[in-house]
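Same chain, two partners: chain A is paired with chain B first, then with chain C.
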Partner chain A sequence: MDCVIDVQDLHREFVTSKGWVHRKKERVKAVDGISFQVKRGEVFGLLGQNGAGKTTTIKMLITLLAPTKGKCEVLGFDTFSQEKKIRNRINFIFGGELGLYRRLSARDNLKYFACLYHIGQEEADSRTARILELVGLSEKADILVETFSKGMIQRLQIARGLLNDPEILFMDEPTVGLDPLGARMLRDIIRTLKEEGKTILLTTHYMYEADELCDRIAILNHGKLVAIDTPANLKKLAEEEEVIEIRLEYPMENKVKEIEMIQGVKQAVLQQDEKDCLLTVKYSAGAEIIEAVMEILKGTKVHSFSNREITLEDVYIKMLEGLS
Partner chain B sequence: MKGLKVIYYTALLQMKCSFARPMFRFCLIANPIVNTVLLYEMFKSSDRGDFVSYVVLGAGLMALWSCICFSSAGDINRERYSGTLSLIYVAPAGFSAIITGKVIGNTILSMVTFILSFLTAKILFRIDIKVSHPYCLLLAIFCAVVSFSMISIIVAYLLTLSRKTQLYMNCIEIPVILVCGFVFPAEILPLWVRPISYILSPTWAVKLIRLSVSEVWNIKEFYTVLCILIAVTAVYLVIGYFLLKLIESQVRVLATLEVS
Partner chain C sequence: MFKIEEFLCYETLYPLLTLIFYCVLAGYSYQTSDLTRWVVGNSFLLCINTCIFTLGSTFMAERAYGCVRSLIVSPSHKLGIILHKGFFTCIAAMATVIIGFFAGGLIFSVDYSGINWFLFFTAVVTAMFAAAGFGMFIGIFGLITDQMHFVLNFMSYVLMIFCGANFPIEQLPPGARLVSDFLPLTHSIEAVNMLFGTINRYQFIRLLLREAGIGILYYLLSFFLIRLIEKVSVKKGAMEVF
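== the complex of A and B ==
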């Protein structure tokens, strides 16, 4: 497989000015020397907290932003000086409700963007109809976008991103605002695109989504790359840990603290739901903690108890907590 | 050919989107009517024999310029805030073709202001504007559309560099109307202002239109003004070309295509 995205020591700074008389310039490092490569046909995930530099990285790759320093190549071309050779071969989908002409219908939006991608009239008509069907908007095709719900707008964004049949599709939190059915539809589309040999670079805050879809994942923190590997290998980083999840009635706060004091327990987190609570206890693999935990919870109604596998989310949180 | 298609479709889309906006409809419909009434009242006691041309053409031109300011220039901001500016910027069609299409669409639609100001003058004040040289008027209007479009393109390019588009847009509207002699001859402006008038193509476009409806026909002056207008517009074209090259890289360095 050839490399279609090549990023080496990439930096991007934003300069802001403050004050009227004594203007002060502030430099913010959004991306701070990251390097990675993406192979053709790969689904590559970029994970990180808000402000980690994911969107800025994508914007440099789609030729929207200039890098401050470093190498940023897509399909073998520099994104800043050879952008014209890249633009008709890629596309991107940004999450949220922006990026469409609200006073036009869904069909008119797609037809116009087809024109901007130099797609012929007949081809544009057939692609528009096919893609609208794919994203489940056929029946709303001729309705003004300003009347659309958040989820429908997001579906139309996805349709726009697929219009030019791109070799590489960049997706920045594409499932934001989508209902479960819409999110599943998008995941199915990503799988189909992968089968067709398309390359996808994806950012998401949903770890299960990244785990399910991505061949490889890069984790960013404050503009720096902190890990890059397959989801399976990343999970091995937390192999020495095990997790138990207990659904229970709301326990006394001090009980959670007592559980954290048990030898071998690394962390106990209590999350309150509408009906009950979820207590997640992370502990060193092999440590015998279950009896001690149940002893502390004696008198509290336990609804369920399970010993689950380490997820990508556990690894992600561990990694970022370790860094902070 | 592909570029022309993009310009054509963008112009159509622009007309559709602009007309759907209440503010644009106000500029397009109410503005020329109000301007015609106000200018008529201001000019009716003047001793100018050609005051009708100042009323009708002045009102139309003022409204045309307002439409251009609030659409061609304002569109950059609208596109920025609706998240489409970045999409059209990275589209293979090219930013220059898209901006050209938008400006042409708006300018063509804005020509309605002339018809409205003519009709207002005719219906309310029963005044007719006599066109002594209709072909020259058509040529002058065509040149005016090209020159207004060219200046709008330059303004639109410049406004991609800043997020304070709204402010600049409001700042340029009235000064251009005054300096370019939309409602009075530019020659009555103070000497130090005139160089500014002469480097702005609308000054020559306005003068050309006015000459073509003038009862005193001076063919030499008409062609002189036409040549100056073509020359100034050509200079704008060259400036626009280099500006585009500069701006295409600068907006990516300064990250001004979006709002965060």
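== the complex of A and C ==
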């Protein structure tokens, strides 16, 4: 598999000036020397907190923003000086409701964007119909976008991103605002695109989504790359831990502290839901803590008890907590 | 999407009221009942709404829709995008000017007898061509600034003052006359005013050629400038920071 995205020591600074007489320049490092490569046909995830530099990285890759320093190549071309050779072969989907003409119908929006990509009239008509079918908007194709729900707008964004049949698709939080069915539909679309051999670079805050879809994941923090590997290998970073989840009837803060005192327990977190509470206990693999935990919980109504595997979210949180 | 009520209110009624305002003002200021030259000048100025504000705010409007990134990242030439959107705008501008010319003439009793309509329509087409080029040129700056309301209003007043619609150019100071020479509408307004007196066909054609030349100048400037401005905005990250 050849490399279609090549990022080496990439930096991006934003400079803002304040004051009239004594102008002060403020520099914010949005991306701070990251390096990674993405192979053709790969689904590559970029994870990180808000402000970690994911969107800035995507903007540089889609030729919308110039790097301050470093190498940023897509399909073998520099994204700033050779952008014309890239633009026809890529597309992007940004989450949110902006990016479409609300006073046009879904079909007219797609036809207009097809025109921007120099797609002929006949081809544009057939592609528009096919893509609207794919995203489940065929029946609403001739209705004005201003009447669409958030989820429908997001699905239309996806349709717009697929119009030019891109080799690489950049997706920045594409499932934001989608209901569970819509999000599942998008994940199915991503899988279909992967089967077709498309390369996808995806950012998301939903860890299970990244775990399910991505071949490799890079974790960013404050503009720096802190980890890059397959989801399975990333999870191995927390292999020495195990997790139990207990659903309980009553909040019991003091008991949580007692559980945390048990030898081998690394963390105990209590989250209150509408119906009951969820107690998550992380402990060193092999440690015998279950009896001790149940002893402390004696007298508290336990609804369920489960020993679950380490998730990507556990690794992600562990990694970021370790850094802070 | 074209809506007739929007066209009537925004492109016709509102500009017509502006025309009436300036003609009444001129009538009182110059103590004259012959308002032909102000009707001509201000009817041409009516294209400001469409050519300057609509074309000039192309990228500003795209930014408001969140579509500017889609346009920039698309392989289309950015000038083509403005021209694409500007074609219908220019037709609307011509309609506005003609409606304004006749409505203003009716209100202020302009004598149309003896006017050469072919030359008049040629002047309107040339003027709109030049004004659209000017609007497009201004619109490009929407890629690097969020102060387009200021830029567009400033430019519309520059046109009002310097194109000879309201103040005779010969009364302007020499520096200001130079500005007039490089603005759209100046020469076509002068040419159409000639239609109400003795027509010197050579002079008329010369004025329209100059008007067309001004238009071509702005189209060429836009063509060369847009690439530079696009690069600057990508470098500064100005595309979506506002």
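Definition applied: the second predicted complex is superposed on the first by the 322 of 324 C-alpha atoms of A that agree within 3 Å, B and C clash if a C-alpha of one lies under 4 Å from a C-alpha of the other, contacts with A are read in each partner's own complex, and residues count from 1 in each chain.
Simple rule for what comes next: contacts are C-beta pairs under 8 Å (C-beta built on N, C-alpha and C of every residue); 3 or more make two chains touch, one makes a residue touch a chain.
Note that the structure is a prediction, hence the values are computed from the model and not measured.
In the model built by aligning both structures on chain A, chain B clashes with chain C. In the superposition on chain A, contact of A:261 is made with neither chain B nor chain C. Legend: residue contacts after superposition of the two complexes on their common chain; A:101 is shown touching both chain B and chain C. In the superposition on chain A, A:269 contacts neither chain B nor chain C. In the superposition on chain A, no contact is made by A:28 with either chain B or chain C.
Using the contact criterion defined above for the overlaid structures, shared-chain residue A:294 touches neither chain B nor chain C, since it reaches no partner. Residue overlap on chain A between the chain B contacts of one complex and the chain C contacts of the other covers 14, 62-66, 80, 84, 87-88, 94, 96, 98-104, 113, 115-118, 160.
Within the complex formed with chain C, the chain A residues making contact are 12, 14, 59, 62-66, 80, 84, 87-88, 90-92, 94, 96-104, 113, 115-118, 160. Residues of chain A that touch chain B in their complex: 14, 62-66, 80, 83-84, 87-88, 94, 96, 98-104, 108, 112-113, 115-118, 160.
Looking at the complex, you find that chain C touches chain A at residues 1, 65-67, 69-76, 81, 84, 231, 234-235, 237, 239-241.
Taken in their complex, chain B has these residues touching chain A: 2, 5-6, 9-10, 13, 16-17, 20-21, 82-84, 86-93, 98, 249, 252-253, 255, 257.
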